[in-house]
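Okay, handing you the structure first.
Labels run A, B, C and D following the written order; every chain starts at residue 1.
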Amino acid sequence: MIKHDHSRWGAGDQLGAGNLLTQERRLAALRAIRGGQLYDLSHEISPGAPFMAPNQTPFLMSIWASWRDSIGRRRRMGATNDAGSNVERAEMTMHVGTHIDALGHFSIGDHLYNGLPAAEVVTDWGLERLGIEHTPPMISRGVLLDVSGFDGGPYLSPGRVVTPSDLARAADAAGVAVEPGDIVLIHTGWGRFFGVDNKRYLEGEAGIDVPGARWLTEREVVAIGCDNMAVEVLPNPDRGMALPVHQHVLAEAGVHLIENLVLDELARDRVATFCFILLATKFKGATGCPVRPVALV
Amino acid sequence: MIKHDHSRWGAGDQLGAGNLLTQERRLAALRAIRGGQLYDLSHEISPGAPFMAPNQTPFLMSIWASWRDSIGRRRRMGATNDAGSNVERAEMTMHVGTHIDALGHFSIGDHLYNGLPAAEVVTDWGLERLGIEHTPPMISRGVLLDVSGFDGGPYLSPGRVVTPSDLARAADAAGVAVEPGDIVLIHTGWGRFFGVDNKRYLEGEAGIDVPGARWLTEREVVAIGCDNMAVEVLPNPDRGMALPVHQHVLAEAGVHLIENLVLDELARDRVATFCFILLATKFKGATGCPVRPVALV
Amino acid sequence: MIKHDHSRWGAGDQLGAGNLLTQERRLAALRAIRGGQLYDLSHEISPGAPFMAPNQTPFLMSIWASWRDSIGRRRRMGATNDAGSNVERAEMTMHVGTHIDALGHFSIGDHLYNGLPAAEVVTDWGLERLGIEHTPPMISRGVLLDVSGFDGGPYLSPGRVVTPSDLARAADAAGVAVEPGDIVLIHTGWGRFFGVDNKRYLEGEAGIDVPGARWLTEREVVAIGCDNMAVEVLPNPDRGMALPVHQHVLAEAGVHLIENLVLDELARDRVATFCFILLATKFKGATGCPVRPVALV
Amino acid sequence: MIKHDHSRWGAGDQLGAGNLLTQERRLAALRAIRGGQLYDLSHEISPGAPFMAPNQTPFLMSIWASWRDSIGRRRRMGATNDAGSNVERAEMTMHVGTHIDALGHFSIGDHLYNGLPAAEVVTDWGLERLGIEHTPPMISRGVLLDVSGFDGGPYLSPGRVVTPSDLARAADAAGVAVEPGDIVLIHTGWGRFFGVDNKRYLEGEAGIDVPGARWLTEREVVAIGCDNMAVEVLPNPDRGMALPVHQHVLAEAGVHLIENLVLDELARDRVATFCFILLATKFKGATGCPVRPVALV
């Protein structure tokens, strides 16, 4: 089993590598923007979004109040301006579509990040600590590592491990060195099947295993993102290991994971570095949340 | 009744004033950032968030899958690394907490923004057009108009109309002119009661009426935000009018509304202009979504 | 299109054939019970229950409050008896598992049963009239019509119409005549695939078409039940007709439909008539509800 | 703390006093019906139903698919008969309105009924054992114990303990002796505030304490029902005890609790005994379910 080490940021820390999101790095990332071009890195979220049962669950949304009835209700209360409201109700997992994982999303046995005991932190109604509301706004340098073509096609196949040398090779090809405070996004090409062929999208994926994850966390990245469900290779080559990258990245290293990203345009334009912005909605105690990250160049 | 005028951006337009979010304005707003200090403009979202029944509805969240059981399930499938997942399920309105309204959120009678017929656009499962997925990432100049002290106290009282002259006075005091592409945030001081005294927070609010809204939409703002539930004054002084500002701003002018903002720190620091960033999650067909806007200076 | 005729029970009627559930018939059905043997006619309801998208939706249930946390909360409030509560939250359609349809479940164009205008009755939050809360407790004579073996096997295949002569033949074989106030249950043998092979269960079904439905409604039955999703044949032989039996039975005749029944034991024991009991939970304004009907002999 | 004793019905038992629901008792109860008059003992369930936060939660229901859109969808698929479906979606606790508690609803510390370990039985998604699907159809003799007038008014006040001698007095007044297999319903008069004055309904209630509960379980009743939220007195006179009656009745005695009953008409008509019918919907693993019990005389 992976060992848990306590945070270098102190016993009370809930930010993990978020501590690296300094104002200096933020300003540097903003200052590096040249023309202001924006890339939207997220999918649309709908009932057609893929999900991995049984822990992930269907996204359902329907109109709760609609214009006809709300106009009628307001008329009966004396209004004459026929203002119709349209408001929906959603039933959802926070891990739907393009989303970020909170540090408390995964445990190593009975412990979470920073040695926090899951039995105390995880309550019926969410996380007492390490919830997504503690994730700082992310405005820092983004780095794209494009490994999609490493097997000769437009994407890597399920079960293909993205190794440390793959990551190094992609960085070299892009002429970039991963640095502390970076958000690293890995392009496998698999995102093309999201919402288009969900069965295929869910049957497995190329991604990093623990060595690749360590290669990144050792470089002190703040978050690791990918254009697949789990960032990590599925199924794991070691069938006795279930989601070990989640354990290392979230619970050991205090680094965030960002999943189901849209990276094709960044890759197409060979954008190596950019100002990455992700603003996680502060759902108190949630283990993650859907987001709309963007890249600015 | 308020008349509806067709969009100046063409029959097919779904962006409204979002068309003003040009790359130039984005770059200008980014370039105006000096030190990179960040203000978080959002509340935490929890079951304790206030909501206006019956159109708005309770926020509920509970753990769906937790570490104990997910470890057990994975052991039974042969895993030995005791990876525990914590994943919740949320039931919610998209108008919970700090959120943005999509252009299709309100109708004037049977028509939505750009003359679109509500009977065709509003379906059982959301908006066929004008949903929040069409709202562009907002990175533009933000302007704070602080009217909170205009009655001598720290906040304006429910039913107090914020008039065009109030807005002009606040702009003058800040030494700023509202310009096309701006996001204008109005500080009434009412946000102090959000989640602290929900009964009071919901019993009414100071805010703009249609003249104040027109003063802003005529200046071609992209969005209007406020530290209250509805941006607009509640109850409306004309008891025959229900939410007329929503009708004008969303359905006539194609301008977004941002509600339940946290503006106290911006006001305390007398920040007049800033780079405003709001990245609305692309829930397909939704009439709005919770967000985490920030201000950079 | 099927024509709508107004109720013979008056303009305000919401009961339809439920008016036939007289105290006399109830008493007669109860008096006909001999040994008191009970047959449970319902499936268990779980996330594994089949549903017909998009109108029917997934059944989701998870623990909301559990013993560990509720004991902890109560200890903190001073309790010493360690009472642990287990309470779940369910998200569901009312048409899950073995269930009954309310009269307002289906329209013929813009009209519901008894000529009621759907535009007035169907609101954002349910039915203003004809909801399941108006369905009387059903305690009346049940009749089993077993057609399952009519094609030589243990069940009829999808698309197989159960005709009036099939119904007459089954009644003759059982030595029973359908009478006013009866609840008629049709055994096709298809129930064996419920929850066992949902793909197959949903791909179509044998059942009555409009002639078979009329054969029953003319005999003044109170409800028609079946061991399949929709009582009626799917797909309809006339591909221009979608669910015409629902229209005739619910909206024209004011007769209830009971779906996903478990009838194998009744059929095995060749039970022709019995005391049928179904107690629809009074969800106000709902278009149906899951139930646990039983037969007593 | 209350001690837990193992079931007299064996180590594998999940029925508890449900074992007393013999065919003989069922037949006797049915045979005792005279005229066939029916009393509906349940409230309507709606968003206006009271609930005890935080373990109980709001009932929400809204139309998921409606006639206009479903007709449109079917037209686009080639149908010409304009069949409009109305189907809702509900979000709910199983403990809403008139409902029955499953034996697994409450623990004594870490144990449930029959010594079953809560840590094994209570999963993320419900009860592995002791769920409501194991509750047999209840058709047995019902006994009404009317204590509502014992303090001189039409109802007993919150905090008023209904003692064993109160129960004996009510039984004597009715000329009935509680016997094995009975379902005993206690009329306190408090049901008049359900949905009418929820604040009052929830602020406390008269009801039995552990001695009254033991008086009933010693007489081998199958279930205890009441016209209040919890059957038991709230708040408990011993402020160190939270819901001890739930612990004794469910987890020790294996007897069901039925809550939020409507008993006024039975009491008004001085109905002492009756045939009680309650058919709990088989939600697999649920800790209870809403029901529509009836009484027949």
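Rule of thumb we're sticking to: a contact is a pair of C-beta atoms (placed from the backbone, for glycine too) under 8 Å apart; a residue touches a chain by one contact, two chains touch by 3 or more.
Bear in mind the structure is a predicted one, so any value in this text is a computation, not a measurement.
A count of C-beta contacts for the chain pairs B-C and B-D puts B-D on top.
Because chain A and chain D share one sequence, their contact can be compared position by position; here over half of the interface residue numbers appear on both sides.
Between the CA-based centres of chain A and chain B the separation comes to 24 Å, rounded to the whole angstrom.
Separating the centre of chain B from that of chain D, both taken as means of CA atoms, is a distance of 44 Å.
Contacts with at least two other chains are made by residues 54, 57, 60, 62-66, 68, 70, 89, 91, 123-125 of chain C. Only residues 57-58, 60, 63-66, 68-70, 91, 119, 123-124 of chain C touch chain A when the two sit together in their complex. In the complex of the two chains, the chain B residues touching chain A come out as 1-2, 23-24, 26-27, 30, 33, 35-38, 40, 42-47, 54-57, 61-68, 70-71, 73-74, 77-95, 97, 104-110, 118, 122-127, 133, 137, 139, 239-244, 246-247, 277-288, 290-294, 296. Contact residues on chain A toward chain D in their complex (touch as defined above): 54, 60, 62-64, 89, 91, 125.
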